[in-house]
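What follows is a structure written as structure tokens; I'll ask about it next.
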Amino acid sequence: MAVLVLFEFAVFGGLLLGLYYAMFAMGLNVVFGAQRIVNLAHGDLVVLGGYAAWELYETWHISPIVAVVIVLPFAIALGFLVQHFLTPRLMRSADPETLSLILFFGLSQIIEALATIVFGPNERSLPTNAIPVSSLHLLGESYPGIWWVSALVAIPVLGVFLWLLYRTPFGLRVRAVMSSVTEAATAGVNASRVSGLFFGIGFGLAVVAGTVGIFIFGGVSPTAGVALTITAFAIIVFGSLGNPWGTIVAAIIFGVVTQLAQVYLPSWSNLVPYALVILTMLLRPQGLLGRRQRVA
Amino acid sequence: MLLKFRDQRQNPSEDLKGQSRWRRAASPWVAAAIPVLIFLVAVHVYSNELLLVDMAIYIALAQGINIIYGFTGYLPFGYFGFFGVGAYVAGYGIIHWGLSGPVAVLVGGVGGALAGAILLPLFRLRGAYFALTTLAAGEAFYAIVSNPSLTSITNGPYGLNLATAYSSGWSFGMAVGLAGVAILVAALIKRSRYGMTLKAIKDDPYSAAMAGINVARDRFYAWLIAAAIAGVGGAIYGWAISVFYPQDVFDVTVSVFAIVFALFGGIGSIWGPTIGAALLYAIYNVVGVSNPQYFQLIYGLIIVLLVLFAPRGLAGLMASIRERRLFGGGAR
Amino acid sequence: MIDQGVERVGEPLLAVQGLVTRFGKFRALDGVSLTIGEGESVGLVGPNGSGKTTLVNTVCGLYPASEGSISFAGVEITGKRPDRVAAAGINRTFQIPKPFFSLSVRENVEVAAHHARQPHRVEEVLERTALLAVANHTVDTLTAAQQKRLDLARALAMSPRLLFIDELAAGLSPNELQEVAVMLRSLVDEGMALVVVEHLMGFLEQVVHEVFVLTAGRIVFQGELRDALADDTVQEVFLGRTDSAHS
Amino acid sequence: MRFLPALGLTAALGMTLAACGSSSSSSTTSTSSAPSAITIGTTYAGSGTYATSSIPELDGLKFWMTQENKKGGVYVGAYKKRIPVKLVDYNDLSSASTAATLYNQLITQDKVNILVADFGSVLTAPAVSLAEAHKVVLFDQTGTGIPFFTPQNKDIVLCDLPESDIWPDVLAQFLIAKGIKKVAIVYDTNDFDESQAVTLKSKLQAAGITPLVYEGVPTTTSSYTTILNSVAAKHPDAVLEFGYQPNDTAFLQNVQSSGQHFKMVFTVFPGQLLSLFQSQVGTAGLKYTYTYGTNLYINYPKVTEGLNSAQFKSQFSAAYPGQLNALSLAGYNTGLVIQGSLKNAKSLSQAAIRAGAQQLSGNLTTVDGKFQLNSEGAQVGELLPVAQLFPSSSGVTLHAVYPSSQATAKAVYPAP
């Protein structure tokens, strides 16, 4: 019986976490959609979001949920600036794809260093009562309050994002750029402006994910960025690059698989994101919901 | 103007070909011998040989990156995986097979190359996909080696203790030897027919295949050489510090340092990665150890500026300064 | 050597049987069969997207054949790697030249000659393609016409028995066009088989006698170029695209 | 190729830079006459997993040094006079490999007389073979992993806490005495925590108790929610978690947020870093949980070296406000052990100082309790009591609850 109960916990808990992971990984996919750039600083932006939540709570006693709204405009502006000042020169270079990877890695190092200088090297965590909700009791199992709260944050955030993308004229242009930068340019879309917004939205999603992530990941420390980036990358390639629905489906599967691994094979659960990247790339490089495209 | 400039540069060198042939032949050996000699002198002036060991290993790793990224265009973020595998295979050899340090180091190189062979299918991917998938593979190696369930084989997260085989003189010698060999191999490849083949593959793999090149095989050799260098490097490193935990040898910083050192010096050149590694690693030890976050900040800025303004690194900067001096700056 | 023995006089050099190349559900080649004899030179014509370049790419091993077979000099080469195909004696030029930009012109040819184990041919090929004067230049300094000739030189350095020429004429001046035609004719005279993918009929006339007309992945005509131009189906195929031929 | 010499020079410059940069102090120690200073070299973790434990330890050592230098230096028996103490410390960032280079730097460049290891087994490990190879005596503050202490060991002295494998002795007795049979053990997979888990498990098994859960997790674990849920499914009475400070913090937070309640929860570090836990976990998460009681909470009014408990607490708090905890006490104690060893040592050689330390064994009582070494150089003098955290006006207060000889309060079991 205990085995069945654990299974239920893993699946339903994985579902809740999966919704969070979708929000967490979506930003990386959005930035990729703009100019085929893998934003290696994604995880560090998540970390920044965590620090923002920490600072706002500790100094002004602002709830991390409210912090989501406060940090968003700053993150969008940062994304816009990065795109505006860094990528044009990059795109003219000999090997934009690999060099962009290195450039954004440099950016990740800068963020990590600044975070260490400002907040110190040690992990910061918020007391769990910073979000005063009780744990969720469902079918005889209890789930930490933060799990369902984070899912409740992720659903409207993703909802607004998808609404913008599929139900507005802006979204139409965005999708035009995502499918082909050059074609969109000839169709009169200002690709550079739209790309800037992509970076803005992508950075915004990452930072928002961070404000909740300080609870999900048990704390925030300057060096956590790289591992978070790999996890997000695993999710978006598994779900198909450039496909937002793919990211959501993949994130939920990822959440459930990780939880199952933690319950039944805890010592191997760290391997899940890495194995996911490798298997996806070797067996189905276009991802779960992707049409066949050239990655090789 | 551009055409004229090329003519000037190319034709005189053609005339001088006979005269400079010995210099061309000698320069790979010179490029390898000078750093080796400096190391051999430095250790008498400066006795923290462990720091020199690390520097020599980083020179070798930067050359490894040069061979795989500089000559084939494939950037392996997961390069540290081979480093870790090398350290573990050598450590296992010392503990379980009773190998002596130097022999174990060579076995570690074989281990690195075998790990490279396992990752061969990743060459189907290109660009960022390849870079990040190798990163995942490096982390996967780490997750496997450090797994508590495998404690009976790898000693899991509890690390290896090679204190019985510790020998500071030998490990220093091997590290310097590795740096010399790595530089030499990179330089010889660059000047050889094989180097030309790799450049052709990098420029256009399909066109290269139509020129009769077995693209997969020739790229694979470069990959194996780079992986073996990292394996030997990891083996020497583990042996030199004698007690290590998985996170010390499967450390993404190893990849990052090797890539940035090579990039800073100049990918595709021979002196570039050597000087990049020596200089930046030295600065790291002066500045970085006491104020790591400021070093990291500077280092991140260097990466961003390099990519934006000097993608060919120091070597590229020197070349353009030289060109400017010779041709009055009009050429570029 | 055994292959040589089995090979009968009159047996085709290249034999393509029922070749299908699919991209997802799209059949870019939809059952192509053709044969080309030793030393024969043929044209391959058809509207854009009819599958001409796909055919070249499939025979040369870039795309896998979904169905059908390809044999060369009596040996099955379906699914062989491009370098094996090249080693067997098939080579090609590219619509958009693909030289090695980090090598000099001479090195471009050297790489191919070396892998074909014919290093002595480098100077000869460079001379023949009128590139000797620029042999030590880097590729980015070459004109478009020179880059096309370099593509050809790299292919010739492999001493192929069958050479695909993929739209070599596009973008060349009338003078350059004339030179290339002469060059190709001399190759035919030496016994090399040529498949010339081309839109310019005037150019094609100078090099080949026979043509295959491809449309929507199928061969709709095979025969003398003269007859092709008179054929109704071919007329229709080409009328549809004449205005865009020189765009 | 004209640039070749220039390039060679640059490379040489780089290496020389490395050479100069790191040799911040060059030593001119002569062996015949008394040195002008006794140099002690150590590394500390300025960041990373071990930082919260390592920095207080360094502060404790510095406090000891300041105290001695006020008196004109530490008394060195070999020269029968006081010699000023100089401390050389480098930041190893919690990385064993950085630590290795720095230990080597301390030995070969700074030519320190005494090497003091950083906190924890991971950061102590690289010093062991270096100290052995270069014949320098190594004082191990709290690097209590067992693999270092072998019968051949002639180099290392363990100063403060006993070897980690005897830590849970009293804990096991407590569980048996309380008749707690359903036990879950979660430990981090490192030498320090695993050796405790192994000991506890075998002691319990000897008493016929088989743990319901015995699970190792990576030391990097920062979320225990799922494993806690699996643990709760087995309905244990006692849940014991062996980790480093960041692990213990995350574990206690997760116990609170998961909504699970256990009759007994035990973690390692609250007893050593209570104020840190008070701020990170809060009273609600800490109250009635158990930990190792440390010497900080035991009063030693009479000591043979240094300050007694009351003096140390007030003077240290004045010098390093807010830094007083069990680990700063351990750092101070390291200084006292060095002090005693130097007093006894016949010369400054490795063997003499090591012999000096051995002579101290059994004859030294400090603010950290009795110092007793086994033949392998490991400290066995202290036994850690089991302590419980009781809610009080200022948050939580620690009281030893077992064994009864050391107890200052009665255990509240099951936790309300």
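Lettered A, B, C and D in written order, each chain numbered from 1.
To be clear about the criterion, a contact is a pair of C-beta atoms (placed from the backbone, for glycine too) under 8 Å apart; a residue touches a chain by one contact, two chains touch by 3 or more.
Source: prediction; values computed, not measured.
Setting chain D aside and leaving every other chain in place, the chains that still touch one another form one piece. At the centre of the protein atoms shown, by the Cα-centroid criterion, sits B.
For the pair chain A and chain D, the distance between C-alpha centroids works out to 38 Å.
Work out the mean CA point of chain A and of chain C, and you get 49 Å between them.
Between the CA-based centres of chain B and chain D the separation comes to 38 Å, rounded to the whole angstrom. Taken residue by residue, chain D touches two or more other chains at 46-47, 93, 216, 218, whereas all remaining positions touch fewer.
The set of chain B residues touching two or more other chains comprises 148, 292-293.
Within the complex, the chain D residues that touch chain A are 46-48, 51-52, 93, 215-218, 222-227, 229-230, 233-234, 246, 249-250, 253-254, 256-260, 280-282, 284-285. Against chain A, the residues of chain B that register as touching in their complex are 69, 73, 75, 77, 121-122, 124-129, 131-133, 135-137, 139-140, 143-144, 147-149, 252, 256, 259, 263, 292-294, 296-297, 299-304, 306-308, 311. Chain C contributes residues 60-62, 81-83, 86-87, 91-92, 94, 98-104, 107-108, 110-112, 114-116, 136-138, 141, 154-155, 157-158 to its touches with chain B in the complex.
The residues of chain A lying in touch with chain B in their complex are 38, 86, 89-90, 93-95, 97-103, 105-114, 116-117, 121, 222, 226, 230, 233-234, 237, 267-268, 270-271, 273-275, 277-278, 281-282, 285, 295-296.
Within the complex, the chain B residues that touch chain D are 20, 23, 27, 30-31, 34-35, 38-39, 42, 45-52, 54-55, 146, 148, 156-159, 161, 163, 166, 168, 237, 240-245, 247-249, 251, 271, 274-275, 278-279, 281-283, 285-286, 289-290, 292-293, 318, 322.
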